[in-house]
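Dropping the structures in below, format is structure tokens.
In the two assemblies presented below, chain A is common to both, partnered first by chain B and then by chain C.
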Partner chain A sequence: MTENTSTNKINSFQKQKNKDEMKKQVITFVLMIAFTIVAFAIVGTGIMQKMFVIPLLLILALVQVGFQFYYFMHLKDKGHEMPATMIYGGMWAALLTIVTLSVIAWW
Partner chain B sequence: MSQDHSLNPETMPAEPEKATLEGKNKFFGLWFFLGGETVLFASLFGTYLALKNSTAGGPTSNDLFGLELVFLMTILLLTSSLTSVYAMYHMKNNEFKKMQLWLGITALLGLGFLACEIYEFAHYITDYGFTFRSSAFGSAFYTLVSFHGGHVIFGLSWLIALMVRNAKRGLNLYNAPKFNTFSLYWHFIDVVWVFIFTVVYLMGKVV
Partner chain C sequence: MSIAATQKRGFGTVLWDYLTTVDHKKIAHLYLFGGGFFFLLGGLEALFIRIQLITPENDFLSAGLYNEMITMHGTTMIFLAAMPLLLGLMNAVMPLQIGARDVAFPFLNSLGLWLFMFGGILLNLSWFLGGAPDSGWTSYAPLSIQSPGHGVDFYVLGLQIAGAGTLIGGINFLATVVTMRAPGMTYMRMPLFTWATFITSVLILFAFPALTVGLFLLMFDRMFGSAFFDVALGGNTIIWQHLFWIFGHPEVYILILPAFGLFSDIFSTFSRKRLFGYTAMVFATMLIAFLGFMVWAHHMFTVGLGPVANSIFAIATMAIAVPTGIKIFNWLATMWGGSIKINSAMLWSLGFIPTFTIGGMTGVMLGSSVADYQYHDTYFVVAHFHYVIVGGTVFGILAGLHYWWPKMFGRILHEGMGKFTFWVFMIGFHLTFFIQHFLGLMGMPRRYWVFLEDQGLDLGNLISTIGAFLMAIAVIVFLYNVVHTAIKGDKAPADPYDGRTLEWTTASPPAHYNFKQLPLVRGLDPLWIEKTEGKGKMTPAEPLGDIHMPNGSILPFIMSLGFFIAGIGFIFQVDHSAWLIAVYVGMAIAIGCMLIRSLKDDHGHHIHKEELEREAD
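Entry: the complex of A and B
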């Protein structure tokens, strides 16, 4: 009798939720751009010593990657335990690989 | 057409990309794949770090790299990551046309990135004679950066194929997981680029 009024529509609660999520994503993006500018500025201006620059650059990169994984790729959301296991497993193997190759070459 | 109905429901679920078993499997499968990709890129990064000073008398990283172009490439790829987030936002709101629009912008930004990379390599080869065979540094550099560029080419082909193939279908529970899987892959390409611009370009400029 009653026509389906919600054909292919998303309810307003869900819509608001998506909107709030999108706001967070844009903030994440702004922060990532800021981190990128800081990283390039430090190297471009050469205001810091090499000893401090490299660890700082790596920290900036790790934070950016964290944003990318947790916000853009939703690792922070529920139901992402298995993906987190995969990525942390991969990162652990990655760390071992990089440390091994660097130590072989530079020790 | 009961099957068709189950994939084109009257009310779209909140997470259309994970509403079907196939969607869930695609989601987990892609993360599994990304775990493996992490290790693949780690071995290339490790090789690069081990060989970056073996220049065989040729140009060094500090001679070659220009930060302006790399900054532009970073902004292009980072923005394309945000535009694909916008595409997924519209997917969740079941707005197919807007999703396609943002995916199209993502593709254009990706193409811009690729054009910059081709220009960069051409510049190194013609102006510095710096090729894959110049030195161990050259081999490691081109292998690492081109592997990433190859991923961008693959991602763009994937995206364009998805957009064209589904242009007339509209959004349903069959293709929503496909778009979501692509978007995750595209973010991962950006993750790898963050490490490339940090480890290869920025650290290569710090002497």
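Entry: the complex of A and C
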């Protein structure tokens, strides 16, 4: 720690980190746009059967939610354990509700 | 109160101060005042119910009015009395316990308070505007859909507004505990009341959206012609029950966990011992919260979910008895061998243990789905939930009030009256509700406005009513105690009970910035550690410097008023579309306030170092 106090070095290190971060942001952003186009395309052109389309859309959506949380909302970074716990807790409560309403209220 | 007394400010100034305050301690006063007012209203409604049931075939209340009484008693007590009183205690104490100068979002704190106030007022206005809601506090569809008049509309809008306030409060407490703990205050060094506040806030965050959705569906069905719960048009009434109890069961843990937390603090303080099994207590609280989300269908055993679903929910329900049992035994073990001092706060805590245990035992009985077919909708259920809610939450609130009164108001409540209140209330409570177990087992259904003569129910109901009046006497003595204390109570020292946690390091009542310098926390029960090591006060964690504090604001009050006006508009636009003006005006006020809040920068103010140095230590 002590030998590494030159401000220049920290700046260059920070710069490199910011650059990497930006690269990741752009890649995920492009991927998300691509996923959206794919989703619209397969529904719009009707090249697939309904059987395949629905699970595929769900998988694309899940990946997008992951990108959203982990890259845009920084869940992948350190110090985000508490928000992660809360988000997964909320998902669990929501999932329980959906499963209940679809399985025991409507079935 | 005490501030007005010492500084001799005019009434207008004090009023404006409270309307605009963002100080967590003053917001706590307002929560306690508002919650206390609604507690008295709910208590009055309870008395009317018991007077109606004092003799067979009584005609004190008409059948319709009786339905309104039971609905408003339940709704008021749960949403407008118990929860705000608990939120008041949390606001008053939790920031002090973690060594923070205020909550994370002081503006939101104030907004949550005023939304609760206006929601509560809106709900209670129904008494004067064509009749209160009358479909029970659970407001089951299709009863709530078919209820004539505007009663249920007031229920929907009132709870929607008050519920938004509670949700805001919960999120605020979460952010406060996560981000604003003093240096050294790790999670596993937090007092149990702070832990309970934290976990309760998680429950609020996850449970309230289910209620919000349910209320919106009911609102659309009643006002805008949708058919979510209308079976004739392809809806499903059971959805309301699921949504209500997905919220409703965590709600009962929202009511009891803060009480568990404050009992833990009280037992450890007055036994002069470290809380026995601290880690187990924390994890038991988490486990209760986690399991609390998976048991809601035990309120619906007789709906016809089928044996598989019923069995799963029955077993999950009984599992909750395990962490609760851990807590009970840890409290007993905390007192074991301690140097116990019994004052009124401790009396309420001691009274809580057997009372709540009886309630827990009948809870396990009700949790057995086969037996529940016998108990369902009888007075046995009424007795059970009053044993846990009054015996747990109300005893907890009263214990907390007696314990923290000096910290909140700077004066100590009169001990003699405190003890009198406890004994009369305790005896009255058991008289009222113990007999109701047997009334229920004999087959008396809940929510009926009369019962017939000579069916073995006469004496039990008479005893129950007498008990209710004893509780009323106890509450009146408590109120007298409050007034007496405000006028000529003893001034409280900073640490009247030889306390263990950080709130007792501040003055009584604390300065509005709480801590001149943030304290350095060196372990669980930080003040006690300093006392045992001979220092007696906290080591500062920072040099004396400027303190940054938020500015007060009237916006939360006006914003809530806007929602209140819009709520009235929504209720009456069914009758005449001119009422839509109220909707637009109210929403314009609320959204305008949001805009002002967003666009106008408010950086708060600083209390300067020199000013702090001038004040005596």
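As a working rule, the second predicted complex is superposed on the first by the 94 of 107 C-alpha atoms of A that agree within 3 Å, B and C clash if a C-alpha of one lies under 4 Å from a C-alpha of the other, contacts with A are read in each partner's own complex, and residues count from 1 in each chain.
Operating definition for what follows: a contact is a pair of C-beta atoms (placed from the backbone, for glycine too) under 8 Å apart; a residue touches a chain by one contact, two chains touch by 3 or more.
Everything numeric here is computed off the predicted structure, so don't read it as measured data.
By the touch criterion defined above, A:Phe72 reaches chain B but does not reach chain C. After overlaying the two complexes on the shared chain, residue contacts for A:Ile27 are found with neither chain B nor chain C.
Common to the chain B-facing and chain C-facing surfaces of chain A are residues 82, 86, 89-90, 93, 97, 100-101, 104-106.
The part of chain B that touches chain A in the complex is made up of residues 10-12, 14, 18, 27-28, 31-32, 34-39, 41-43, 45-47, 49-51, 67, 70-71, 74-75, 78, 81-82, 85-86, 89, 92-94, 184, 187-188, 190-191, 194-195, 197-199, 202-203, 205-207. Partner chain C is touched in their complex by these residues of chain A: 82, 86, 89-90, 92-93, 96-97, 100-101, 104-106. On chain C, the positions that touch chain A within their shared complex are 174, 178, 202, 205-207, 210, 236, 238-239, 242-243, 246, 293-294, 297, 305-306, 309. The touching residues of chain A, when paired with chain B in their complex, are 4, 6-11, 14-15, 17-18, 21-22, 25-26, 29, 32-33, 36, 39-40, 43-44, 50, 53-54, 57-58, 60-61, 64-65, 68-69, 72-73, 79, 82-83, 86-87, 89-91, 93-95, 97-98, 100-102, 104-106.
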